[in-house]
Each structure stands twice: as structure tokens, then as C-alpha cells.
């Protein structure tokens, strides 16, 4: 796959369709993948990678990259295409300046996931059908895919590309993913249990802002948390409003726009399951206002900037199932 | 032992200028009592109320927050309360999901003619919130244990 | 005026006589009107004034057929017939004695196992102070 | 930091009796930014306002907080006062310590504490206020009157007299409304048609007045001074400009059995009809529910007899769009349906009629030619029973909780007219209360009793039962004699409650004008602004606002017209400066705000921005049209980046209020 992608990227550079390529490269460690922009065939050969560690959603980087001259090639996994469409819906970049190639994805793992299986000294990773083989300086170890996939990939919502100029490999289908199971489990708890759960999780937050910085829905020119005029940003910890409410406010800001790509949880250094906040909103929206998948199509009207005269009353919250 | 009856809940009520604030005025004109714990903030429309304001109130020590607007279909700005309705439904559901007592938040549609409803709503809301006691949870969601 | 009795009648009936606007439609509609010393609209007013004993002593309350025409037609939802029923009950209760005691019930059931429970409950409520 | 003055009003004893005003001003004086605090008996009085003005000058105040009655009451008064001494009027905030504090609390300590908190919130808000400049918007010099009854007619004529164009939209084929159906009017007993029809004719002849009859309002967009209204002209299948109103067609049409709604179904009309002789416009209308030609293409008789060639079976509904500066609602009323009152036997017995039906039965132009006859057998009635308050003052759910106001007087009128014309007739009126507040009203009612010998009986009718011999048994109570009466009557007349026309509720939604629970339009203030809706540019005329008789309706109609004229003569309207604005530096151009804006006030522009690295960048940013924006604030919450904010109710202002209220 990686080879095909490099070859096609070179062609497109060569024939002048694009002048840059947005892809992935290895960081300090092989599992430490970072998004990168390549401008020459040599750079592609030298650094471009695509393997089971390449979880990063590249769509967000288009906001900045399309401000530059020329057209850019971007590789999009199925779930990235939803973010891609959502950003287009919000007029965040110029579609004319992007050449999008859809690529298949059988789910991604992470350095952390692999290390949790007791491996160290990781030197590479290979995929073969349902198996993923991790190479280390000590041994090669083969796993069944499901064993080491990230949570978001185990509950993958779609293998279907909803936006692309061309496709490498086969397109997949929208899946029935059980991704709301954990949300439902939380909903079934007592309020005390839920509160205990969330307090223990949110208390871990160190406010590194990684979740916000990686989130494809968080592309604001200026984030409210960085803007004293918004009334919620605090330079010093004069009060704890922002600290306490950061994740709730952020989840609300992206509600109806979040495509559930799961990047927030992937990058959280404290392993806070932030996607469970976003998924709660998505689940509620689906249940109360009808199924809605952000980014499924360009130009759709997000549920929070929409209404029907017959919408449920907020009091439904008091009457719903659960404790 | 502190006095049990000394507890007075802090209630913030956001009222839209056209219906509910006028309804509150009517309650006053008709001398309909409700507890002094309710403090009203006037906003042009229920759709002006950012969930941020509600979170802010809770975090600053409010024990209950209620949003009052025109009845759906009667919004002075035609559609404002429809958006408010969705926003608040999702916000309340989220607060409940976080384990915050759901009875601390409420939306009520009160028209300019419903002074009695306004007073009754406030009486009911204050007693509901008072029964829950102080709001500790949102004030300290991220307590370092 | 016996406030205690008035309280009791109001509580039992659930009626608020202050809602009455004195239109007299209850009396206009009452089939037993001519038999009565005090007519439905007077009964409502007398309850409001607290003259319950007068009513308890009057045969009027037993002339009421409980047809509920007054309840049906009252434009203010006052429900005079419910007041009449409450006054009758007040008479029964004032007669004071417990005509049925809790300890009597097992014997009653034993005596007639087919006795409907509903009848027992009603009797207990009616004949107990 | 602002220099804030705090002014606490006693409102006589309205506030001072429950709130320790001295303590409030003393405490608030210590708030940060407050340089002056005082209290005074009546802040809204001239001397109170002078106190504020002097303090502004003396202390160089940059912000003012008034702790007084509701801002809905006197905010405008105080703004004007501070503006007169050069302070921007939007640097003033009102803390509502009367309606929302002193009037609802009894405990002085608690009320005082609350008043202080409300004052603090207002101070916190003023700290963040910025001077705002009101914009201007033009006024379309044309008014729309919805409803062509006496209310609408009077309003339209008064507006036209001042020289402005005015359109009347009436859903019936003719203007005239309920008054056209009435025989005589109280308390003068002059003929209704003699008053009304000249006014109707004036409407058709005045070139400033344009009548859209048989038409309905289907949509209203825009705002005060600049409404765009769609009016649907229903097809009447007769060309209005050709029809001469000769009436030939209405006598030749073979469909003779169409219930005549103008006579409340007491007689029949044809499928093509002119409602009554004095109709304006005097143009025939084809009823598509009964016309054979329209239903199955057979007949065409009316087209054959029409010498003017006005019949047009192919006519279509037509939608007209027109712009107006002001809209007057005059949608009127109808008697309620009486199907829930089976005890009065209205639906079964033809001789039990409503008062409006009686009007037609006594009208010279009515089905009986003005002779009062029983609808069942056409005989003269000798005993007539009137029942008052049928469905009025009814909280049981069958009727309406309010007093319909006009019934006492028209019943006295009917009783009097019957006794005058047919002295052999016995007339009984069953009443709960006789309400006659109005000039010469009580005298009128007393005349019915003293001069005409009408039997007024305090009590209600409980049962009406027709007998096989055609008599109607009426069972009623006579509360003063304390007896139950049984009267053998020939006719029973029910004073049915009146309710707002059914078209009022959807219209209110279109106009975003508020209504009460009975579907009457609410006025902006019962005493200060009684003929205006709280929605700017919408005015109220007649029964759509509450039950009224004709004299009162006409006065209110003229009052509404005066208000409309006042608006239309204004060259430019100052617009509310509390509108949304976009901080372009933060705007993402995501279109969320545009989607929630009900007015289409937000558009997008491509704009160049200088970046920190000295490059320039073209970005799509939102731009608010302040003349169109009404300041609801929906966009401010939809905006993810917080670029959109609302003047006068900014994020930081509201948050400051929240903080002040929640302060420990």
C-alpha cells in the first residue's frame, strides 16, 4: 500500500497536478508518527510511511496548507473523509486546492497499545490480513488485529470514503459499530457512579490542550480558551471556571460538528476517554433528532443550527431511562 | 450543628425579554410570591443564553439554573426558542451524564400573560433545588484527589 | 360558626366555595329543588360562611339525589354535590362512635368469605371516626 | 474603570415598604467603580430625573444604575434623561427591584438582600457597557390593516385622512364585519347600517384606501418600518374590475340551497352571491363548494346572464407582495360554539337562538324582513327568555373565563326593542350580574326595566327543554325570591360568549406578536401603550385585543391609527443598537450564525487580513447588517469561536451578571 501511495504521489507531483503531498512520516520512534508535507519525490522515498501506526487524521492540516499557493495532495482514511467534508461544510478550506486520495484502513494501533502487550524496542510493523506483526530488536510478534487495535478502530463506524478525487484500493461500507455501548453503560449507572467516574477522569487533565489542537472541529481562528474577551479564558488560575469546565465547553462547541474521529482520545497523554463526551452528544442527537453523521455530506445542516417545531422538550432529560 | 433551615439555594433565572421577563413582571404586578433566592437575568431571547453562562453560574456556586422563554412557536424572533430548546436539551443531558443532579437545570416556557405560571414555576423549582442541597459537584468537577 | 367543621367539609369534598360567582345555575338545574329547605346555591354560600351545623341539621342534604347535574353545569367548577356528600359524611362522623373497628374485620371475613374487600374498605372509611 | 452612579428609587412605598432603600444605596456605594449612590422617592419624576442629571454632571459619571421598577416600564425614560446631559443612553442599566423584588417578597431583610444583589449585577454589567449609537432605517409610507370590520375600517380611514396609503385585507367577500349584521346599536338605538355603510363606501371611494377583499395574509417578513407581506387573493371567479354588482347572476343561479352565512344559516343564498345589498366591494363571488360549473363543468348560467362578462371560471388564487411601514391587526371575534352546553338545547331546537341570530331575525334586511318570527314555525313569539353569560365567566372548560363585556348591553337592547315593537310579548332576562359601565349605559338598562317592563331575574337558567307542542320549558332559579322558576317560552336567546377569530393565532405567529391564553393579542402595556403590540410596528384595533363594544372599538381604532400615523410621518426610525456584530479577526466563516439568523441579516465577505508574519490572507468572514438584525442573539451562541457578540448583552456582560449574582 505504502509503495502504491508513494508512486501515485510522485506521478501527481510530476505532472503538476499538485505541488505538495500531505502524508505521514516517522518521528523519533517508528510508532511515533507525525503528519508531514512532502515537496519532492526524494522526500517521499526517504520519509513517507503508511502503516498500522498512521492513525493521524490529516484533514485538519488542510486549513493551513490550502492558504499556501498551489494544490496539495492529501491521503484520507475513511474516517478522515468525514472530517474533510465537515470542514468543507464550514468553509474552512478551498476544495479546489486539494487533491484527495482515499486509502483503505483496517484499523490502527499505537505505540502505547503495542507496549501494553509487553513489547519494547519496537523497530517496525507489518500488516497481513487479520494479523499484525510487530518487529522489535528482540523478536517479531504477531497479533490478531483485534487484540491491538485502538478502541476507536475496534468500534469503527465506517470503512466508506465519503469524499475523494480518486481511490486506492477498495471502498468499504458504513458499519454497525456498537460505538455507543460504553456511553450506554455509563448512562445506566447511578448519578453518583457517573460523577465518580468523570471526576476521576477529568481530574487527570493537565490542560496540555493536545485534544483541542488535534481536533479537526477545533480550527477556530482564535479559540475561546485563548481569548480573554470570550470571558472563559483565564491567563492565570485566578479562578477555576475554565479549568473545571474545559472539556464540557469543548464538547459542546463541537457538538453536532464532531465526526467522532477519536483523535482527542488518541492524543490525550493522560488517557482520558474524551471521545465518550462527544459520543454522548452524538448519541443524544441521533436519538432525539434523528440519525445524523457529521461530515457524511457537504453542506448538511448541523443539528444545533437546526430545529423542528416538534422537537422534544428539555424535560425529556428527567424522564429518560437510566438512573 | 448548623441551622438546617438556614440553607438558601442560589437560583439564577435567565428570562427572555419579550415573554418570560414580562411574565415575571406580571407576577410582581399581581403580588404573587416566590422565594427571594431567584435572581433574574434579562436576555433578549432564550437563544441568547450560551450554555457557557449556565456552566459559569454553577461553577460560581449557583445551586440551580432555570431558563425561561416564549412558548415554542411564539418566539418574538420567530425561531430563537427552538434553538434554545435543542441546546438546553443536549446540555442538560450532558450534565446528567456527568453525574450532576438533573433537577438543578430546567427550561420553562412562560408567556407574558403567565405571571401565575412564572411564580408557580419558581416556587416549584426553588423547593426542588433546595431539597437537593448545595451544588458541590459542578463547582468541583476536577478536584485533585 | 364552626371553623373546624368547615375545614373538615372543605377537605373531604375538595371544593373551594370561593370560586362560586353566585349565578344560581346549580339551583336552576336541581331536580330536587322544591323538596329542599336549603337549595344548592345556598348550601355553597352557607359552607363559605361556615354554617355547617345548620346544614347538618337540615333534611335538605338527604334530598340531594347526587345526580351531579349541578357539578356538570356549574360554570365555575364549584361542585356543590360534593359539598352535600361531605356534609352527610360529617353527620355520620359526628355521630361519633366507631361503628366498625379494625378488630371486627377478621370476624366479618370469616363470617362471609365472599364479602367484597371493597365493601369492607368503604364501610371502614364510612363508619369510623 | 467606569465612574458609576447608583440611584435607588422608593417608588413611594411600593419599593421602600419592603426594601430598605437606604441600606441598598449605602451598600452599593461601596461596590467597585461606584462613585455616587443615593435614594429618592420617585426617580422617574422630574425632580428624580434632575437628581440623576445633576449627579452625572457633578461627578462626571460614565455609567448609571437605576434600582427601580422593571426596565420594561421606565428604561426608555431614564435613557432619555441621561442622554439629555450628554451621557450615552446605553451606559445605563436598570435593576428591577419592584416587580421582581419588593412586590413579591414580604420579608424586608431578604428583599433588601436581593435588591442589593440585583444592584450588584447591574453595576457589574455597566462596568462592561460601551456607548452605542443607534442606527437609522427608512419607513415605508404605507400601512396594512388586517380585518375589515368596523375596527379596521375606522383605522384605515383615519390613516388615509392623514394622507398615507393604507390597504385593508378582509377574508370575507365584503368589508363590514360583524357590525354589518347588527340591526341597531346601544345605547342610542340608532341603526347600525346607517353608521357603518357610509364608512364602507368611503373606504371604496377614498383613493388612499385599497381593499383586498376575499384575501388573506400568508406571510410577514421584515420589521417595523419595513414589513414585506404576502397577501393571497382567493379566486372569486368574478373579475372585480368588470362586475357591476347588478346582482342578476345571484337571482339566476340554480343552486338555491346554500346556507347563507351572512344570515347565520337562517336562510339560503345561491352559489354565486353578494353577501348583502351594501357590500363593499359590490362584486359577486362564486362559492366553489356549491357551484356546479366549478365542481363538474356543467351549468355556466351566471356567465350567460352577465352582461359585463365578468364571470371567469378559470380565475386562480393570486399572491401579491407588498411593503408596509406598519401593520394594524383588527381580526375581530366570533360567538363561541355552543355544542358543549347541551342543557340549553341550542343544537336541537330551532327556537333557541344566539343573540347574533336574533339580530338577523330583527333586521329589516334579514331573513324575516325585520318581523320577529320563530324560526321553527314562523309564528310570533309571546314569551322570550334571554340567558346571559352563556359560556362567559366560565372556568369549567366549556366556555371562556373572561366576561364578554357586550352581552349585558345588547340583551337590554334586544329586550327593549322587542317590548317596543311587540308590547304583548313577555321578556325575561336571566342575569348573574348586570354590567353597564359606560356612558349612558346604566340609564339604558334601567329604561329596559322601568320603561319597557322587561323582567330582569337574578339567577341562571339550568335547563331548556322543548315540548311537543312547540313551547320551550325553561327551568331557572330566581335567587332573590329563592325559588325555582318554570317558564313556558316561545323563544330562548342565548348571549353566547365571544372569542377571537380563529385566524388570529396563526397571524400572531407570523407577526411574532404575543397573545394571551385566550388568544387575544396582548398590548405592550395596558395603560402606557394600550393599542400597540410589544412587537414594534404592530398595532391593535378592536376585539382582537379584548372584548369591546362598538364605541370602544371605534375609539381604539382611531387610537391605533394615531399611533400608525405617528410612525409613518417619521422620516427615519432609529434602530435598536443592541445588535450582533462580528469580530472579523476571530471569525471562521463557518456559516453557523447565518443558519440560525431568522432575518437573513448575516452575509459573508471575502476579506484580506494581515497575518503576524506580514503576509496577507484572504478569509471568508461574517458581516451583520445592523438595520436588519433584531438582536436576538441566536448567532452568538451558534458561533463556535465567539467572534459573534451582541451589543448590550455581550458574553462578558452576562457572565459578569452571573458572577455578581452567584458571588458568595
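Residue numbering begins at 1 within each chain, and the chains themselves are lettered A, B, C and D in the order written.
As a working rule, a residue touches a chain if its C-beta (ideal position, glycine included) is under 8 Å from a C-beta of that chain, and two chains touch if they have at least 3 such contacts.
This is a predicted model, so every value here is computed, not measured.
Colleague: Counting in whole Å, what is the centre-to-centre distance of chain B and chain D, each centre being its mean C-alpha position?
Modeller: 30
Colleague: Compute the distance, rounded to whole Å, between the mean C-alpha positions of chain B and chain C.
Modeller: Inter-chain centre distance comes to 43 Å.
Colleague: Hey, how far is the Cα centre of chain A from the one of chain C, in Å?
Modeller: Averaging C-alpha atoms per chain gives centres 72 Å apart.
Colleague: How many angstrom lie between the centres of chain A and chain B, each centre taken as the mean Cα position?
Modeller: The separation of the two C-alpha centroids amounts to 36 Å.
Colleague: Quick check on chain D: which residues sit in contact with 2+ other chains?
Modeller: In chain D, the residues touching two or more other chains are 596, 638, 651, 655.
Colleague: Can you tell me which residues of chain B touch two or more of the remaining chains?
Modeller: In chain B, 51-52, 56, 60, 73, 79, 83, 87 touch at least two other chains.
Colleague: Using the touch definition from the top, which residues of chain A touch two or more other chains?
Modeller: In chain A, the residues touching two or more other chains are 231-232, 304-306.
Colleague: Using the definition of touching given at the top, classify the network of chains in this structure as line, ring, star, complete or other.
Modeller: other
Colleague: Any two chains that touch count here, so list every such pair.
Modeller: A-B, A-D, B-D, C-D
Colleague: Looking at the complex, which residues from chain C come into contact with chain D?
Modeller: 19, 21-30, 33-34, 39, 41-42, 69, 73-77
Colleague: For the complex, give me every residue of chain A touching chain B.
Modeller: Where chain A meets chain B, its residues are 183, 186-187, 191-200, 202-203, 205, 231-232, 240-241, 243-245, 248-249, 251-252, 255, 277, 280-281, 284-285, 288-289, 303-309, 311-318, 320.
Colleague: So in the complex, the part of chain B that touches chain D is made up of which residues?
Modeller: 10, 12, 17-19, 21-22, 24-29, 31-34, 36, 39-45, 47-53, 56-57, 60-62, 70, 73-80, 83, 87, 111-114, 119
Colleague: Quick one: in the complex, what on chain B touches chain A?
Modeller: Chain B reaches chain A through residues 51-52, 55-56, 59-60, 72-73, 79, 82-83, 85-103, 105-107, 137-145.
Colleague: Going by the contact rule set out above, which residues of chain D touch chain C in the complex?
Modeller: That would be residues 343, 389, 391, 393-399, 432, 458-463, 475-477, 479, 482, 484 of chain D.
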